[in-house]
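One structure is given below, encoded as structure tokens.
Chains here go by letter, A, B, C and D, matching the order in which they are written, and residues are numbered from 1 within each.
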């Protein structure tokens, strides 16, 4: 039997990862494959065990079959893949139980202890379950399945409430059972390669920092688009809408990383401190800062696509936005007056996530004659394409080779796929590894979450109270035209929708 | 007969281009091909005539044969090339004469008038001859072969003297016969695509100007290397040496364009005013600012290469440098304390011309642990590769994709050949066209030349008076090791010789 | 009897200020006069009571006599001063007790409740006592004399430990009885007018912020000098020394305010967050970064002054520094490489506290001929004189009026006494008022204190372990000459000791 | 007899100063007193002679009497003043002649030669005469009274033409007789102490240069006001008007010095090159950029003041502006978008000439709550007061001493009279001395003059062709209210008319 050892680490710790909600989609598609990838790349400790937990009754073998259906190997090391899979699956076990039953968690605890075999036990619970049962599980874990001498950490997935009040209430409940250090709120966008790279680019390169302010940046655009709709699975989405689903978390998190001041170190708390500062410097959104849209059915090339409210899982009269564009402002010395435009939508013409930084025009008029009257057309632009095909572009004016003086915009570019061989790891791999290692940098702290909701809650309330009707746009289109008017109001031109831009 | 019309242009002007020294190498290899290219691309006026002038007796037909041997067509429009060549050659004529005979030039004048046929005559003389006969030709042209009613311009090739005194004397002589506006001193490096682009990059892109100063730039390197020696044609070179041949003109001109302040307009005089200002802000070079070298024989892979003094056209005891590295400083507010390092050499391991801008390291130590102790190793660098394969790179620190935090230096890059189809015109095409159009931007004004000699003359005198022996380096090597010590003295590391750099 | 009302304020609150250690020097000279000044200026709530607490047996009347001996009125409103004094003294009471007796504090509690008379009771304890009894008092206060429904705050004076360990232990003890919000660690230097103004100058004026970095600032000097020694009262001092007494708190606090990043708001926590960040970015001091001194006896003008070890309260062989100079560095992006020099000493030639900011020299050499070779002599300097005679100077180069071009350094200046009428309030007034109002901006948070000790502890340990002998300097002199060598090592010239400087 | 010695200086040169138009007002009030001051301060060479030249017949003695009536001594050295005056007057002579008579100038030449007595003769002609006879005098001087072996220089006073055409014609005429180096166009405003100091402040102080651009400066105001009208001497003025009289020269010259780029050296040609560059970067003025006014009669305190057209020397229906305000823009990288406002007027409430630099507001809103909603009200301002009472102010926000946080604007200031003892020399002294020493920095070159007229000529033509009626304003008032609307259009508030400003 393990003796409780406070504040120390045994030579030979064990790691138990408990996927609560193991039979769900996310678990199958993302969590188990990510765990396998970590195992495959030798990032897991020798003594690790994976437990699936759910209400469904399954044998260990059934779980293993389910998992193995989605496992694939890293492109670059296929040789011993089958062996590795086998080894991995042998570490996977299943425990069936109710989500609110302390007894069931006690039984789980017994099984865990058995695997831990007296070594220092560390336990990571991944809550892949609906938010209404978050607190029950956390209570059970805390009371019955916590590690006695090692650490216990809990990963939770969004949604973290629907607004300031519900989010604060959820946090309050968590804190009854967990300390801040134990809570790992995951935003998988923060695990994307280029988002990780954002701080590296800014802070390890001298050439970017001097440009990173209102003096040189005219606007920043955060763009997320999907080329498919809810497709018969709109139940959850309709309850939240695109603003809660994408903007308030993914895009806002990226904005905070983009705009924050230099942290005092790369430690999680220092970075999160700076993120909170940026969020607190922002103005809460008003109705006039936003345009909302909803896709309607559309036929194209003989194929027809259903509108949002045609989805049987969506109420016929739903006003839930599937598209939103918003203008945000940061009232601090660095960003005063620079519009940060966000745009997120489903069922658009393209699948893409990117950050576009548009620089100001060159003062003076040396090249005005050559460039033409619209000086904003020929400005520099930095594009960080998060997906697909990670890349960085810096658009610059360049002389077209040849006699005469003709300028055009060329790209200084870096394509990840051309530069770096090998597959880029999935966001979940990075985040799971971070949680295992106690690296909290990419997880959202309670005060961050609070500050984020503070920005969006007044807007969400207003949209819902006033029953604001979204502007309809055809499935597969470039979204509602209102987004252009919103941009124009702030003297911005969307960088992603333009003949001239790539 | 044409009436003299001052300061006006007839509807139907003619253009006569007289290549003085038509039988020389430069004429054959560069001037006639460039003229043909301009014709091919329709940049020449309809009524143009080309005259070769030299002492050799040749018929028009013999000249045409000589010219046609080196003509090629633009890669992208081969179709009608043969026709075009024929048309071009029909415009080429030859006149044989002495370089100091006013009578012979009078006869040329008659022939020119015949071709001009009463239309407004413009005449461009290209002096492709040794410097000792420059003044004779200029006198003859001025007295006997000037256009009476159109313009007369004279292109001269370097060398423009050997030092301040001889250069000033040459200028004085020119000015007896020509005005400043008529003199076109050619430096063909200024016709290179990337050199032309230098001002465009700096002044039409917001992102470069804020970085373009001592606050961010640690040093600038101007590098020119050839991978061959004098190869039996060292007579002229031995009289001048690499400093006069490359540094004092090509590299110094590029430096001036790189470092100058924003001109008030893109007009030639405004740009040349700014170039003169930079040159005047520089400290004249001293012996201790320079390292000189000379290549010696070397055998490699069974092949053996002759040393410089093995060249039969070179005196056995010659001390003429075939390599030089120099550190220059600009004592103005923008560049105070930033070393500008030049390096030029023959018989080196590679053929290359480039500008390398090394930025300072990021202040603070956020990434110091990750980057390691030598913070200067991981700095940004901007490379403008003039030849071969024109390109622009910006070296940045980037996160290596994958789990964990590892940085490397990647390039944001722009390869001309990938971005722009079609052949990049030769420098001579651009410069000839500019001279025809009266665009003086890329030609060197008398006061510029004077300022350039003022920087190098004390050094050249000291080298020659003290008979400074050059450091020997093997043919095909990376040059004398002294160049590294010179760089180190100023806390610089050459960017082109390094495993890590491209 | 007052009902406990959590988190609310009754219409009519009372304020009790308990000066623990009421018979001490500080209480007499600073605390009671400051309280009277606040009363005189109508800053105290109507229902306030002041209690002296100490071991000495005194009647209320005896306390009042003691207090009244040091009370003076504000210069500008003498009229009704005597009446005001009487009113004030009527609110002053005395309670005698042991510092570690919970019973005695229970009795105090009774008396307080009597005065509070059922209104909302707020209580401020001012601990004007030696540090070895801090914890006893805090325990007694917490257990027996806390306000039940209002707030209870405790002001503590330095020393807050002698090093990292003792300080952390003290904090830990406090936190057994008090929350962070209840602890008000006072550093009376932070109450000085010009220290308060420091943030205003930096953040409300556009003209300072662009200059506030390594790009423009060459060094920063924080200077504190007293023109008297321990004068028979060296007991306490000898135990701490000048580094603990002045540098680690007063000067370091000013440095942090000077150098911190822009806070997200002016709220206490935001400002203290930024101060902690600066402290954490600093390198801990090493022996070689410091020069220590000790004054020796000196006769001057017939008068003779005792040396430090001549003081009968000081051990004969004491090595305690009465003077120290130190060079500190902040390794962040703003301040990388800028030396922050501190100097503090007793028995020097002058009494002064000031911040001197020396700017870099102008790059380029436009005025070099006129200014002379030592370009650092003619640089701009910003002086914030904290005492005596508060003032701000900006030293600029100016043309001396008259024919010819001669430059000198003149001051753009602002003398507080000339600009602002009326007495400037004592630091204690401001800080007491802030504590009453719950404004924590100027008080030192536990993590700040920790970070401050982390910088000085290794140095203090090294000084003491190696028994480093201080350099002796004569009483009334400019301090040990070693301070100049320390400065010179970092390419700095002390701004306060120079014929040319004011 | 002196031998002509080209380009060399004899050991013992003489200086002859010929004041052409010696009986005029300017000569009496400014030129002779300035010459005396230079003599008094020992700035004149030992062998100097002063000649008055005019049509009036006067004896030497009569001239001396006339001169002596206006001579005064420098405040600080009264002792030997009478002696000095006597010595000075003994060097003064008179020659009567016609302004267009070469014979009369030949006679002057004889007298000059007599005084020069074979030493190296340098001659300075000061043309204190109406512009219509400039060219006659220059011709006579050039043909008959030039120094044969020393230098000959000619100082001319404005007006230099009325517009581009007449100015260019005048320059052309001058250049028939004089080289550019001989022409000294005087603008006595450039001789003012603070105008001289402008470059010193900008270029010898690190703290100003970083602020000196569109990034930090919101607008610049150049203000000139007189508190008296034409007062019976309006003949000349009515022909020119305030724009030509003050703006196109005095204020525009100051603007150019204020706004120019750093010159490559302090040499005259380098500074004038930069001034020309600024002028060429400016947009020519349009009608809508200007407000014009004319003062009307006004009674105040029992005293009545005549309006402009009440002046008997002014036509009754004159539309000549006695007041103008204008908005100018410099389209270069430094100043793009920054309004430069000029204001000049007669018969205003105050006499003053100053430059006011208004800085932008601090970005972010840290102090917004304290400062209030109009953030532009609390911005920094730099005031350079040229007259009266030379001074420099930097207005900064400062905490008002005392408890609580209240800000106000205080001045960091430098009053010349407090800092520098002794009288500040008159502008004419400096300029005369410069002309004698061949220092051309403060004189206006032909291309500068040309560029200046290019800016104002279209406006002047439009005003005159469209007979734009000036807005009337009362004598002694603050000028026409239209000036406020002009300022408001460019988001500017005049700094000199405001309760809050000094």
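Convention: a contact is a pair of C-beta atoms (placed from the backbone, for glycine too) under 8 Å apart; a residue touches a chain by one contact, two chains touch by 3 or more.
Given the structure is predicted, the values throughout are model-derived calculations rather than measurements.
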Starting at chain A, how many touch steps does it take at minimum to reach chain D?
1
Considering only mean CA positions as chain centres, point out the chain farthest from chain D.
A
Between the Cα centroids of chain A and chain B the separation in whole angstrom comes to 53
Please tell me the distance, in whole Å, between the geometric centres of chain B and chain D computed from their C-alpha atoms.
47
CA centre of chain B versus CA centre of chain C: separation in Å?
66
Of all residues in chain D, the ones touching two or more other chains
209, 262, 265, 281, 332-333, 362, 364, 366
Considering the complex alone, what residue numbers of chain C touch chain A?
209, 261-262, 264-265, 270, 273, 277, 280-281, 332-333
Flag every residue of chain A that touches chain D in the complex, lowest number first.
214-215, 281, 331-334, 336-337, 362-366
Mind pulling up the chain B residues that touch chain A in the complex?
38, 41, 43, 193, 196-197, 200-201, 203-207, 209-211, 216, 262-263, 265-266, 359-362, 364, 366-367, 370-371, 378-380, 390, 392-394, 396-403, 405, 407, 410-414, 416, 419-420, 422, 424-425, 429-430, 433
